[in-house]
Amino acid sequence: MSQLHEECGVLGIAAPWRTDVAHLAYYGLFALQHRGQESCGIVVNDDGLFSYHKDVGLVNEVFSRPVLESLPQGNMAVGHVRYSTTGGSGRSNCQPMVVNHIKGHMALAHNGNLVNSSELRRELELQGSIFHTTNDTEVISYVITRERLRAPSIEEAVSRAMDTIKGAYSLVVMSPSKLIAARDVNGFRPLCYGVRADGGYVVASETCALEAMGARFERDLDPGEVMVFSGGEVRSIRDHCGTAPRRTCIFEYIYFARPDSVLDGVSVQEARMRAGERLAQRHPVEADVVIGVPDSGLDAALGYARASGIPYGVGFIKNRYIGRTFIAPGQAFREDLVRIKLNPISNVVRGKRLVVVDDSIVRGTTSKRFVDLLWEAGAAEVHLRISSPPFLNPCYYGTDIDSRENLVACNHTLEETRQLIGVDSLGYLPIDDLPYLIGQTVHDGFCDACFTNVYPTETPKDQGKSRFEYKISERNRT
Amino acid sequence: MSQLHEECGVLGIAAPWRTDVAHLAYYGLFALQHRGQESCGIVVNDDGLFSYHKDVGLVNEVFSRPVLESLPQGNMAVGHVRYSTTGGSGRSNCQPMVVNHIKGHMALAHNGNLVNSSELRRELELQGSIFHTTNDTEVISYVITRERLRAPSIEEAVSRAMDTIKGAYSLVVMSPSKLIAARDVNGFRPLCYGVRADGGYVVASETCALEAMGARFERDLDPGEVMVFSGGEVRSIRDHCGTAPRRTCIFEYIYFARPDSVLDGVSVQEARMRAGERLAQRHPVEADVVIGVPDSGLDAALGYARASGIPYGVGFIKNRYIGRTFIAPGQAFREDLVRIKLNPISNVVRGKRLVVVDDSIVRGTTSKRFVDLLWEAGAAEVHLRISSPPFLNPCYYGTDIDSRENLVACNHTLEETRQLIGVDSLGYLPIDDLPYLIGQTVHDGFCDACFTNVYPTETPKDQGKSRFEYKISERNRT
Amino acid sequence: MSQLHEECGVLGIAAPWRTDVAHLAYYGLFALQHRGQESCGIVVNDDGLFSYHKDVGLVNEVFSRPVLESLPQGNMAVGHVRYSTTGGSGRSNCQPMVVNHIKGHMALAHNGNLVNSSELRRELELQGSIFHTTNDTEVISYVITRERLRAPSIEEAVSRAMDTIKGAYSLVVMSPSKLIAARDVNGFRPLCYGVRADGGYVVASETCALEAMGARFERDLDPGEVMVFSGGEVRSIRDHCGTAPRRTCIFEYIYFARPDSVLDGVSVQEARMRAGERLAQRHPVEADVVIGVPDSGLDAALGYARASGIPYGVGFIKNRYIGRTFIAPGQAFREDLVRIKLNPISNVVRGKRLVVVDDSIVRGTTSKRFVDLLWEAGAAEVHLRISSPPFLNPCYYGTDIDSRENLVACNHTLEETRQLIGVDSLGYLPIDDLPYLIGQTVHDGFCDACFTNVYPTETPKDQGKSRFEYKISERNRT
Amino acid sequence: MSQLHEECGVLGIAAPWRTDVAHLAYYGLFALQHRGQESCGIVVNDDGLFSYHKDVGLVNEVFSRPVLESLPQGNMAVGHVRYSTTGGSGRSNCQPMVVNHIKGHMALAHNGNLVNSSELRRELELQGSIFHTTNDTEVISYVITRERLRAPSIEEAVSRAMDTIKGAYSLVVMSPSKLIAARDVNGFRPLCYGVRADGGYVVASETCALEAMGARFERDLDPGEVMVFSGGEVRSIRDHCGTAPRRTCIFEYIYFARPDSVLDGVSVQEARMRAGERLAQRHPVEADVVIGVPDSGLDAALGYARASGIPYGVGFIKNRYIGRTFIAPGQAFREDLVRIKLNPISNVVRGKRLVVVDDSIVRGTTSKRFVDLLWEAGAAEVHLRISSPPFLNPCYYGTDIDSRENLVACNHTLEETRQLIGVDSLGYLPIDDLPYLIGQTVHDGFCDACFTNVYPTETPKDQGKSRFEYKISERNRT
């Protein structure tokens, strides 16, 4: 019954006329699938009439042909992919959320995490409100709805709601006649929009989804900005812009986002390659080949290789067919499991001094497993390089980091970690190099609280117990 | 977005200890399946922790073995079967409804229809409430939740809510520690409870479900009664008892309920046989055999046969395997469809003068179809007898009668109807004989507004347009 | 790896032109569903090109809308429903079987059981044949194929194959250009054909399927007859007719067939009513009401009531929603299970002297259970009447009777059985009355080996062990 | 009804004792999934009793948890993944095939394509054989079965069958007590075996599957070799070894096999990198970055980069979530489709002179699509390099190459192809460089008939029409 901490992806479409917006949203969700694999949904707005489908599963599982075809044509749509589920029925927590209120109905898709949702929830319940879900999204729906009672328009209600809701959110709201996008004042989570050749507008968490929906990137929403797409026009409400410093999540670049996306003007792939380059300078080593851990370590490995002059190689084959429904082996064959997912290429590894680049270490157990495979394959030396600093603190803005007690860096020195994983040397990216990832020289414009413990906002009051309930399992990261 | 008019079934279990209440509810829902085939659900309460599953489909479709086994053991449970769905996503309207409020969480299962839900909804929305569904159940949840802010207990909140909600409802409410059953002041919809050998209590819409859950019938709830099952004890709150005349729905006896149920002291099967007997007296005819239209016409046919002395025969075989997913034929084979569902037995029909008994006529088209089959099979004469009076008025209490414009009796004289259906004679049960069905001599204690236009309560203010949107399709009745 | 003993249903369609024969077969299979609920299939012949779908499950489970619509139009079709499965993969044993041979391809649907399939199988294997299934159908396919090497036509090959295959079979064979129906020389299993208004021909196990496919019954196939439907014409090959005495399975009338079917000129419902009448004469008793055990005991009960003058009543409600996927309760609620399936109507039973009519007793356990329910419901006396003689012998012709060691009549006297079931009196239909069921006075024209041990053919050589592996579970009969 | 040309993967397990061989096979099939995505299956041998499951779909679709768990433990297993399906029911063509014959039963999994299956089929049909499938596997089953009538053992029967069946095959056969692997005399398709730490033996198409099943690679089977695994021992029958020259399929290295596999002593990844190196020497160009087309062009691109000194870059992101069930857009959004599957990274492409490396060109349409994306993303120059020679001829050994009329190289000059695809320059790997891929200097030891028209065996007699029915759709290759 406590709040969730989720990574998600959102999108919205405002077409110039009635068309197959469900298919368009479907393609956009495919491009955002890496941001959330637990559930997904699409709401179509056909001139005020909402139709929707959402369920637990990947986009291709939830949207079979009959389901997708059962959604009507429309002039607007909202879509969502979601990372984590909790409690009894994951299905009730699927998004987008659709609610009815006194001025009509509304669909909401939300990425992020509020820091004051418990207080808001309690306040609302004290006035007799009922909650069907444990989502922040339902809290946001209520706040917008209450503002709507007095506000002259839905966009104004959204804007006023931003005075009340605190924390990280990139939000897409659809009323019967308008599509509204909003980004929190710190701009923790990405949100951008683009234009299609047919004049339609498209909003999405990442630029790769704009492209998948056939749109040309226009620009990122500014922190605090509310954009209204209606009647073929765009309008920006900037009342909250500039009220707080920009704090883009640095981990979006390191791990979350897709390499072909460009977030707040910075290419994700370039950020990763730069992290690799910096690693090469900070932790040089003599070696024969640089390999990355698929998929998120590959770009940093290429950066390391370029900067160090050591040849880049493909050292692991990742099995592309293993998905959500993969059945883990019983005790009898447990030892074989890693190899099914990630198999080293002997010819690359045998007798070689390896630099292995990965994006992060959580508990250390996954790292140990792939390192073991390299030793078995005959590696001469293994030097592990991590393209981010050590995780030391919880995230309250929508990233599910494991609890401190499980984070290897909270309980071990660097040397202990190196021994635990079993490598010849271990090097993390220094905190001071983080600005370099996004082409900056000063430490500003991004949130790195998980590394530094410097939080840009107030933090949740009831963070104790519940922090430990929701966490990324390390297994999902490899 | 308007309210629904639904027939449903509800049940609740309060076990003396942690046990497999989900299985028990599953068996109970099988016994109530005839009251609603569109969706169903079970909520298990394991010492305050709710787990649930609900979906569109029959009980055996929604509750596959893995799903049923995924529900934990518990000490309480609530179950629901639902008749009709509306709009975009039937799934969101499935019951029981589970909501969180300031004092905890609550599950509700509801059978009936409020007459003031539109007003209540508007009132709530004006205070900033949001609605996820178009169910009366969500309105009731809100009213109870608001009363709960001031009431000393959940049962008291339910009791106070009964001052606000008007119309027909048989309600089962589950809080983390209590099971509460409530029946509206007129007692439109049935609700009874029983005791299991292990000391557990069981609430259900019909006695047949008590038996399926291994319980001995204890008694019907009185109109206006609230019963609280908690800690192995039963308590009755009778504040609303006697504040309005009893108005049991007469159509429960004629069509809805299962023949082995006993509602408010009257056997459903006996009521139907009495209707048949009375028909024999009111509309006698010389004939060779009396046959019933399966399944709901069979008991009345037996009653007619007994009273008239004409032999009872089985004239139709109903295909038991045709269900929700049956694929209706294209135009090419349309004419064969009725025969697949209902095939006359030639040896019984050929050359015979038949009395055919059915429970009601809605549009007349279904009646015409089975009568045609009898003529094709060589019937010498067909005399149709209907064990209820003609439908002339809408029901606001949870029965989905077709709109007046489609009711054959609203637009045709008896003679026109007879010709339209194509029978030698046609006889309805006179309104004055309705008391006889439930063993009374005076016209009191039941609601027959659909026949008489005498409504026991206020009627909905916005009854116009929306009346025509939700209706029983006649095809579902055969 | 031993042969199966199965009850099945078959059908075939020869349309005058390309039309939606898959839908037609689908409706026919619904009408035959009572003959086999384990698997089903349809093969469509579109001018020589075969398309098919078959799987484990009921017709409405196997043929979802997309599956049915994926079958093309055609001018012929064959369909099958199957009772029992065995061994690893039930799916591979689904019918119709489709095979390729030197002269083209062929689809076969078969109902019955050969008595020499083991010998034939061994012979074929000694020549290098391979078998994919454990079906008699595959043996028949081979025999026809081998005859086809020399025979001038497929129908001649079928006719010649009948010299080799021994036992019970009603067979529908489809070649690229012909539909062929064949019935064994004793005519154990029913098979008939009819004509549609469009001139198409339809073959089926029972007349009720002809009607469901919109056809008028033409006549039963004679024992030993082969019929060829091709190019809008019918041709009969009577080479094997009259070579053996007719031996229609009497149990088709007592239990298998649908009451609205007419098999070899005798109405199934009438046969059952006659059995009831005869029972009333043989085992009269003073009682208040006669009730039948649904569904197959109902007609005999009506016959008993008519002949005895004791009123007929409906004493049990059978739950129509319990199907293949019903989840039996754990030990905790085992005692409630029967009541979920079959609930007595208290008002009919309480304080009454009952005559209860059922079609047969296998192990006696099912009988005991429903009798217990009657006692619990307050019956004053229970007199059980069985509309068939006691089962004493195995069936080799396609009926899965339990092994002798489990048959209550093999191991108990009448009095012991009466006590075991717990009734005041027990009466079986005498063997001598069996002719009366089908309107005969002499004991001829039907097979009653399961009662009499008089087998019309040789019996299988390896009957020992395998007899006990395949049996009807009594639970499926109620 | 003609033969199939399929790429497939096979595996077999002979465990030292009864264990969970189904899970082991499941992991092995995941490692072979790239060899066939249309269907898959596992047969478990539990001391002579076979249980199996096979169906259309990916391994994770066909083997859900309940299905996998329904397979018993055993001491042997055979598994199969299959590429292509044909005709009415793909399901009946799924492998492994399980058949019964006079000496027991047998399971077969087969990769390859016979060149004389039509003749063998006809011969067998003339003797009265029936065929359930259109698989070569069924033909092979028959041939082995017939040999088994006279041969003293199943392995001897397999060996003798090799005198009759001609063409490409890597075969795994399981009898009740033995696991047998056989490779055709030319060794077209790969097959190897390994040993597990528990002493069990494992056979598979590729070494990556050995590793996934926890086995250490032992060695490849020699062309013509038959290996028998039984009672913890291995035995080799070498009667056919050396009777024909080795002709490993060169396209296994270029495209089919997984980069971490080592086939006949040559690392697949190294072969691809060498192809890239050679391309750099044969078709050098001045450029800024070398990118590969995922996934099979990546290694060759890395080889090109290394040999040329031009930096290697990641130019495309391939969407990992698009699978079999992906719903292609209607006409409205067709233009967006490629981008959903394969999105260029603007920062890498914009303003750059690109060398783009892919493994092959079939029709040219796919190549044109990804090249167009690069132009749209702002590429300054695009130089396409193909790591194989042009396809000019059909393959009769199990590779589904498109028909000649669709092969761009059959109908266009190099210059025409370059213009059609729209690149600045186009270079194929010269035929003379093929030996270099597998570390040879002379043109021997492999089959390259698809490039050279030099077939190592007789070719099928009825190659005309049917060649055009079964082909790889180019869309599946990107």
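Just a few scattered comments:
Labels A, B, C and D are assigned to the chains in the order they are written; within every chain, residues are numbered from 1.
The definition used in the following text is that a contact is a pair of C-beta atoms (placed from the backbone, for glycine too) under 8 Å apart; a residue touches a chain by one contact, two chains touch by 3 or more.
Here the structure is a predicted model, which is why all the values come from computation and not from measurement.
Any chain bridging subunit B and subunit C, meaning touching each of them, is missing here; the list is empty. Comparing the chain pairs A-D and A-B, the larger number of C-beta pairs in contact belongs to A-D.
Annotation: 60 Å between the Cα-based centres of subunit A and subunit C. Mean C-alpha position of subunit A lies 48 Å from that of subunit B. If you average the CA atoms of subunit A and of subunit D, the two centres end up 36 Å from each other. Of all residues in subunit D, none touches two or more other chains.
Contact between chains, as defined at the top, is found for A-B, A-D, B-C, C-D.
Residues of subunit D that touch subunit C in their complex: 1, 49-53, 88-89, 91-92, 97-102, 105, 122, 125-132, 134, 138, 141-142, 145-146, 149. Interface residues of subunit D facing subunit A in the complex, by the touch rule stated above, are 19-20, 23-24, 26-27, 30-31, 33-34, 58-61, 63-65, 68, 208, 211-214, 258-260, 262, 267, 269-270, 295, 298-299, 302, 306, 311-314, 317, 319-323, 325-327, 329-330, 332-333, 335-337, 339-340, 343-348.
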